[in-house]
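Two complexes are shown next, each including chain A; its partner changes from chain B in the first to chain C in the second.
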Partner chain A sequence: MSTYSKKQVADLVKGDLDWDTVHLMLSMPKDGDRYKLYMEVLQDNVDYDDKILLAMGPHLNVVERTSDKEIVVKCDCGHDFGDYRKNWKLGALIYVRDNVEKMEQIYPAIMAPDTSWQVYREYYCPSCGIQHDVEAPTPWYPVMHDIQPDLKTFFEWLGMPAPAKI
Partner chain B sequence: MNDMTNNPVEVLGIDAGGTMTDTFFVRADGEFVVGKAQSDVDEPKAVMESSVDALAHWGLTVEEVYPQMVTCVFSGTAMLNRVVGRKGLRTGLIVSKGFEDFHRMGRAIQCYLGYAFEDRLHLNTHRYDEPLVHIHDTRGVTERVDSKGGVVFPVRLDEAREAAEELIDQGVQAIVISFLSSYLNGEHERAVRDVVLEVVKQKGVNVPVFASVDYYPVRKETHRTNTTILEAYAAEPSRRILSSLSDRMKEVGAQYDVRVMASHGGTISWKAKELARSLVSGPIGGVIGAKYLAEQLGIDNIACSDIGGTSFDMALIVKGQFAMHQDGDMARLVLSLPLVAMDTIGAGAGSFVRIDPYSNSIKLGPDSAGYRVGTCWPEGGVDTVSVTDCHIILGYLNPDNFLGGILELDVPRARQCVQDQIATPLGMALEDAAAGVIELLDLSLRQHLRAMISAKGYSPSDFVCFSYGGGGPVHAYGYTMGLGFKETIIPAWAAGFSAFGCATADFEYRYDKSTDIGITQESTVAEKLAAVTTLQTAWDELTEKVLEEFRINGFTPDQVTLTPGYRMQYLGQLNDLEMNSPLASVSKAEDWDNLVAEFDLTYARVYADAARSPELGFGITGAILRGSVVTKKPSIPSEPDAGPTPPAEAFIGTRPFYFKRKWVEAKLYKMESLKPGNRITGPAVIESDATTYVVPTGFETWLDGHRLYHLIEV
Partner chain C sequence: MTILQNPLGNKPGTLLKNGLTLNEHRNAVLERTAKTGHYNGLKDLEFKESDPIGFERIFSKVRAGLVNSREVAKKIAASPIVEQEGELCFTLYNVCGDCVATSTGIIIHVGTMGAAIKYMIQNNWEANPGINDGDMFTNNDCQTGNVHPCDIATIVPIFYDNILVGWVGGVTHVIDTGAVGPGSMSNGQIQRFGDGLQITCRKTGINDTPLRDWLHESQRAVRTTKYWILDEKTRIAGTHMIRDMLLEVIEEEGAEAVEKFMYEVIEDGRRGLVSRIKAMCIPGKVKTVAFVDVPYMHEDVHVPSTFAKVDTIMHAPCEITVNADGTWRLDFEGCSRWGWHTYNANPTAFTSGIWVMMTQSLVPTERINDGARYATTFRLPKGTWTNPDDRRTAHADAWHFLVSSWSSLWRGISRTYFGRGYLEEVNAGNSNPCNWLQGGGVNQDGEVHAVNSFETAACGTGACAVKDGLNHAAAIWNPEGDMGDIEIWELAEPLLYMGRRIKTNTGGYGKYRGGLGYETLRMIWNSADWTMFFMGNGYMNSDWGLMGGYPSATGYRFEAHNTGLKKRIAEGKSLPLGQDRDPRDCEFEKHLEPGAIVKRDKQCITTEDMYDNGDLYLNYLRGGPGFGDPLDRDIADVQEDLNQNFLLEEFAQKVYGAVFTKDDEGVYTVDAAKTKARQAEIRKERIARGTPVHEWMKGERQQIIDKNASLQVQQMFASSFYLSPKFLAEFKEFWDLPASWELHEEDLGIPMYGARFSMDINELPDVHPVIMTEE
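On to the complex of A and B.
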C-alpha cells in the first residue's frame, strides 16, 4: 500500500501534483488514510466548522452541520443548500442559455448547438456567485438530480462510524 | 597481461545509461574488461572516467590504448531523456494548411504507449504528453498531394516564406517540414525546404531545416512527422555532444570514428543524417550480441532475455535472423523507424513489492527502486521493499559485496521492512514471504517468455535461451525452469553484454521508402514490368542516400555492400513481411516472379504453408536498402579445457541460502577464477563484482571454453 503526505493530497486537489505521482495514485490500490487526508484538505479550504463528509463538486460539499447534526449540502462560502437528500440545484441561481446571442458568448457563430434542441443551464451559488454546475439538456428536460449519496454504505466501506442523522 | 604489441586493445563499446556509464574494451584475443563510472551531464567526461576504470584492470592508460583501437560504438540514453523530459531544441513545424493540429492531437495509441497492461485497460490513466512542437510554432502552407501522388493544389511558396520568417522571428532553433502524402510526391516539401533555407540565409541565422521527404519518406504522417521532428528536436543536440566526445577521444590519440547503435540493429556514424535512429539502442545491443555469439557458436534459434533493474526485454532470433518492426515506438511517440522487434515488460530485479490491500496479494512494480536498490540501502532513501531486498535476505546476493562492495547494505533493516510490509500482512514467515516474491517474479517472467515464443507458433524446445543483463544470472534458473529450452546460456560478461553487443554490430545504414505496388493474377506483363521499375527506382533513390552517408565517413561506393530488401504482403492483408531481395536489381517482368517466390517461402516459414494466399495477389508496401562496410569485431574468448573440478582458489566459502522452503549451505565461487570445463552442482552462488550467478538445488552449470556458463536442470 502506498502512503502520501497531506501536501501531496492538497496538491492533487489543486491540480498541482506532478503527473508521475498522479499516475501512481491512479494505478495503485488507494492508500488507507486517503479519505481522512482528503477531508482535512477540503476542511482547510473553507471557513465554516461543519464537518465535511463528502465532496459533491469542486466547491460543494456534503457536511454534518455542527449546530443540529443535520446533513446538508454547503458551498465553500458557507451558503447552505439544505438537506443532502434534496436536489441542491433547486436552491441555486439558474441561468439558461437558450438563444443564439447567449450561446455566442461562449462559442463562435455556428459552432454552438441549436437552442431549440439543446440549452445550457448554469447553476450558481446565491451567496458568492460561484458556478457549481452546467447541464446541457434538451429545453424541456427537468432539472437533473446528479447524485444521491448512500452515506450509510459509504461509511461501512470506509469502516468508520457513520454520522448520527443518516 | 598488458602485452600491447601482440594483443592490442581493438574494440570499445560504450553504454551510457541514466545512472552508470559502462565501457567494454576488447583485446585482439577476445579478452575484455568492463569499466564503470557514474553518468554525468558531461558525457565525454563519464566515458573517460569509465575507460580509466576499465583499463586499470590491465594496468593500462587511455593514452596507451586509444591510439591502437580500431572501432568504438556508443549507445546512450541522453537523447531519449531529452525527449521524455521535453528538453530538446525549440522546433518550428510547417505542415499542410488545415492540418496544423495533427501533431499535438497525436495518435490515440500515444496516450497509453509504454504503460503496463493494467494501465492500458485503466482509462483514467491515459494521457497525452506535451507535443514536441507547440501549436504557436506551427504554420500551415496551402498545398495538397492526393493519395496517388498527384498535385491537387499547387504549393503557395509565398506562404512558406512568410511562415519561415515568422517562425525564425519567434525564436525557433530548427524547422521541420512535413506535408500530407509527401512520401508519394516530395516536390512540394522540397520547394518549401529551399524557400525556408533561403530565408534562413537572408536572416543570417543558424537554423537547420529538415524536410520529412529527405529523411523518412514513408506513409503515416504522424509517424513520419514525429520522427522528422526528433531529428531536429533531439538528435541535433546529440550531434554536438558526440562531436565533443569524438574530439575528446582524438585528444588522447583516437584514430577511429565514433559510431552509434541504431534501432535497425546496425551502427551508424555520429555524423549520420538520420541520427534519431539511435534514440533507443541499449536493449538492442544485447540482441545483436546474441546474434553474433550464436553465429560463432553455430546456433540457429535463440530466445534472448535481458533482465535489468526495471524491465525484462525479450527477443527471438529464428534461423539466425531477428524480426523487425516497421513502425517502432519510443518515448510514447509513434515513429517511422524500423526497430529490432522486442517485447518488454516493466518488471525487473529492482521492482517494488507491495501488498494489494483488497486482494491481499503480492503486487510487483510497475515502478522500481532503480539505482536506489531497496530498503537494504538506507542511504538510497527507499521505504518500500524491492525484489533486491528479498534476494539479500535469502542469501542470493552477497550483502558485503554488492556491486563490488561500493554500497554498504543494512540487512536487518531489509528484514524488518519485508516482515512489516509483506510477511505480517500475509501471515507468513519472513523467508517464505521473500521467497514468494521471487517465485512470483520468476513465474511472471517465465509466462511472458513462454507466451512470446508460443504466440509466434514456436516451441521453447527449438530454442537456446541466452540470459544476460545485470539480473540475468540471478533469475535465469527461475524464468527458464520447466520451459524446456534446449539449454540456457549465461555469458560471464552478462552485465556488460549490451555494450559487447554494440561492439559486434555492423557499420550499416538502412533507408526505407514506402511504395504502393499491387499485382494480381489478372495483371499483365506490362504491369509487372511497371511494378519492378517502381521498386528499382525506389532502391536507386535509397542507394544514393546510403552511399552519401558512407561518403561522409570517407568510404567509397566500392567498399560498401548493398543489400536491397522489400516488404511484401498478400493483397488485402494488414501485415507485411520484410525480407532481403533474392536479386541485386530488378528490370524484367520475370523478376517479379522471383520476388514473389521469395515471399511465399518466407511466409511459409513464419506462418505455415497452408496459410499462403497467392490467389489474393501480391503487394510491395516498402523498399528497403541496407549498406554495410566491414568492421573489426570482438572475438569470442577461447580457452583450453581444465577439467570438471574447479581450482581450489575459486572456492571462497559457503553462505546460508533459502530455496524451496528450507535453508541450505550454498557453495560460493569466484567467477573470475573458474576454468573452462569446471562443473558446479547447486546449491551454489558464483560471484563477481558486476554479476551474481545463482545455481540452486536441482541445477548444474559448467563453463565452456568461451566463458559461457551452461545452466542445466538435473
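On to the complex of A and C.
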C-alpha cells in the first residue's frame, strides 16, 4: 500500500500536487492513512475548533461541535447549517436562473438551457457567499439531499472510535 | 415413419462433463451464489490461494490473448468506427455466460454478450438449434440484452475434448443496420419495427464458416454492405483467435486448472469491488438525478406516427446505497416511462454500461469481469425507460438516455470519494457525448451509404477535484476516446472539413473547469443525394457540475443551405473556415451568399433532411461539467483560459470576476488584486440576491399547486408519478402539497398511446427473458 505525507495531502487539497504523485495515487491501491491526513489538513485550513469528520465540499464539512458534541454541517467561514442528517441546502440562500436574462449572465443565450425545460439553482452560504452547489433540475424538482452518510459504519470501516452523537 | 424428436440439438446433458444441461448448471451456480453471497459458493479461492502464480499466469495469458486478438482483428475492419475509434471488444465467458476476462475497448459488452449467452442457455438453444464446436451465433437484439442494434455480436462456443468449456464473444459497432434513419444511432423510427435489422442469437455459422443465407440476407438488410462484411470478418477472426488461445492455455495449464480459474476469477472480481468500495467510499445513501430533452414537437422532427409528436424529458433519479458489507445498491425508482423514440434502454444496457464508467474509478484494473455485478444490486422499475414493459420499443440511440443518466452517478459516488480525501478520483460527471453527425444517401463513390461520425469519442471530460477536465479527450462509453483523423473521415463521408477547432466556453465553470469540447464545420461535397440530421441535447443539460461548479454549455445546431459556397470558392471569396467562437456573432453567416438559409437554434434532435453539395453542418461536440466555486479558480488559470481562447471575455468577468487588460497583440493580463476585490463584491452580490431556501420554497410550491410549468415538465412528473407511488409521495411530502393534489397525463392534452396498454417480450410463446435486476 502506498503512503503519502501530510504535505502531499495538503498539496493535493490545494491543487498543487505534482502530476506524477497524483498519477501514483490514481494507479496504486489506496493509502489507508488518507482520511487521517486529510482531516488534519482540512482542520488546519479553518479557524474553528470543531472537529472535522467528513468533507462535503471544498468549503463545507461535517463537524463534531466542540460545545455540545452535536454533529453538524459547517461552512469554512463558521456558518453552522445544523444537524448533519438534515439537508444543509435548506438553510442556504438560493438563486434560481429561471429566465433567459439570468441564464445569459453565465452562458451565451444559445449555449444555456431553455428555462421552460431546466433551471439552474445556485446555493450560497448566507454568511460568506461561497457557492456550495449548483443544481440543474426541471422546475418543481425537490431540493436534492445529496448525501446521507452512515457515520457509525464509516468509523467501523476506518477502525477508529466514532463520535458520541452519531 | 420415424419422427426425430431433436434433429438439430445436443442430447441433453452431453455438453458439460457434469451431465447437467447448461440451464441446470447455470441455475445451480446462481443458487450457490445466492445462498452463500459468494460467486458459485466459493467461500475460499482454493486455486488462487494454493497456486497464486499459476492463477495469475492463466489470467495474464487470457488477458493478453484477448487484447492481442482485438488489436489484430481491428485491422481487418474498414469502418473508421472500428478501425479508428476502436469500437470493438472481445470477451471470454465461462459456460454459464459469466464474463471471465475482457479485452480493451467498449467494455459495456461484457454484459451484453453475456446476456445473449444466458438467453441461449435459458431458452434451450442446446436442444434447438444445438450448440456445437465450430458454431457461430449472432445477436444484436435489444430485448436480449443488447444496447442498440448497431452493436453486432458474434458468439462462439469453445469445446475441449468434446466438452463445452466456455464462450467467446466479439462485438463491433457497425455503421448502419438498415433502420428507417441512416446511421448507427439514428432517429425518425419510433418502434423496434423500424429500428434496423435485429438478430436474436441466431446460428449464423457452422464448422467455422458463416452460412451463405446469413451473408446474403444481412447484406441486403443494411446500407453499408462492405463495411458490414469486413466487420463480420473482424469479429470472426477475433473470436477464433481467442478460442485457439484458450485451447492452448488448457493444453499448457490443464483443463481442471483453467476450469477452476474461470469461476474463481469471478469471485475474485466480486471481492475486488467490495474491497475497493470499503477503501474509497462512504457508507450510507447518495441521491442524484439526471435529465435530458426529447424535443419532438419541432417541425424538423418527422416521425411516422402522430402519437410520437410530443415533447418529453428523460428523468433518472438514483439512490445509491453503500452497504456496511461493502456491496452497493443502485435504485432507479421514479424514472420516467419509455417513449416512442430510439432512446429507450434495457436492464442489461444499463447495468453493463455502468461498468464503463466504474472501471475508471472503482475497478481500475485489468480484472474486469462479472464479479463486480455480483457485488451490485440494481433496481430498474418495470415500465420505465430503463426497463420497458413493451416489446415494441426502439433503442437505436439508447446512449442519449444512458450517458445522460450516468453523468449523475459520477457526481454521486464522487461525493463519497471527496468526503474521505480521495480527491484524485473525483469526477464532476461526463459530458453528453454528442452531437451524433449522421446521414446517408448516395456518397462520393456512387454507392448507397450511411454515416455516423464518431468524433463524439473525444468530448470534454468532467473536472476533477484537483485539476481541470481534459479538453476534447474522451467519451463515457469508450475508454479509448479518439476524435479520428480528418483524412479518414473524409474518405468515409462526402463531407469536407472546413475547420476543426476547440469549442470556446463549453467547459463548465468552476475552481476546476470542465474539459472543453470542439467543433467541426463540414461542407457536403461530391455526393449524389445526401441527407443529414442532428442528435444530441440542446434545451437541457444532462450534466450538473459538482460542489459549486457549473454544468457545461448546452448544445445548439447550425446548418446552412443554399450557401453559394461553390460560387464563393470559384470567385476566391472568404469562406466559413474558422470557428463559431461566440454563436451570437454569427461568424459563419458572414461568409455565405445572400439568400442562404440558416438554422441556428437549440433544436439538437432532427430527422433526416436533404442536403445539397455546398451546404454546411456544424458538428459541435460538448464540454464537461465543472467542480467547485468558480471564484476559487486560480487567477493564472483564468488568464490562461482567456489566452488559449477557452473562455469568452464576458464570462471571465461575470463568472470568475476577472479584471483584465488586453494588449495590441491580443494577450490578456488578469489583475490579481482587482480580481480579488471584484470576487469579494460578487460574494456580497450573491448574498444580496439570494433568497432563503425556505422562503423560495413557498413560491415554488404555489407554482406546483397552480400547475404552472411547461407541458414537457408536467408530462415528466406525471409519467414518474404513475409508475412510482413512492416518488409521488416523496414529492408531495417535500412540497407539503395537499392530499388532494394530483397530476395525470390524461389531463395534459397530449398523446398517450402506449402509456397504459403494453405487451412485454415475455408474453411471446416459449420466450424466457434473462432477468438479472430487481424490477
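What we mean here is this: the second predicted complex is superposed on the first by the 166 of 166 C-alpha atoms of A that agree within 3 Å, B and C clash if a C-alpha of one lies under 4 Å from a C-alpha of the other, contacts with A are read in each partner's own complex, and residues count from 1 in each chain.
What we mean here is this: contacts are C-beta pairs under 8 Å (C-beta built on N, C-alpha and C of every residue); 3 or more make two chains touch, one makes a residue touch a chain.
Being a predicted model, the structure only gives us computed values, none of them experimental.
Participant: Go through the superposed model and pick first if A:P126 touches only chain B, second if only chain C, both, or neither.
Facilitator: In the superposition, A:P126 touches chain C alone.
Participant: Compare chain B and chain C by how many residues of chain A each one touches, and report the one with more.
Facilitator: After superposition, C is the partner touching more of chain A.
Participant: For A:A136 in the superposed arrangement: first (chain B), second (chain C), both or neither?
Facilitator: Touch partner of A:A136: chain C, not chain B.
Participant: According to the stated criteria, A:D146 is in contact with first (chain B), second (chain C), both, or neither; which is it?
Facilitator: Only chain C; A:D146 stays clear of chain B.
Participant: Report for A:M28: first if it touches chain B alone, second if chain C alone, otherwise both or neither.
Facilitator: first
Participant: Across the two complexes, what residues of chain A are contacted by chain B and by chain C?
Facilitator: 26-27, 29, 32
Participant: Taking the complex as given, what residues does chain A use to touch chain C?
Facilitator: Checking each residue of chain A against chain C gives 9, 12-13, 15, 17, 22, 25-27, 29-30, 32, 34-35, 37-39, 54-60, 62, 89-96, 105-114, 116-118, 120, 122-124, 126, 128-151, 153-154, 156-157.
Participant: Chain A touches which residues of chain C in the complex?
Facilitator: Touch residues, chain C against chain A: 276, 278-280, 282-289, 291, 293, 313, 315, 322, 324, 364, 412, 415-416, 418-425, 465-467, 505-506, 509, 511-512, 538-541, 543-545, 547-551, 553-554, 556, 582-584, 600-602, 628-632, 634, 648, 651, 654-655, 682-687, 689-694, 696-697, 700, 703-704, 709-710, 712-713, 716-717, 730-731, 734-735.
Participant: Quick one: in the complex, what on chain A touches chain B?
Facilitator: On the chain A side, the touching residues are 1-2, 19, 23-24, 26-29, 32.
Participant: What part of chain B is in contact with chain A in the complex they form?
Facilitator: On the chain B side, the touching residues are 116, 118-119, 122, 124-125, 127, 354-358, 363, 366-367.
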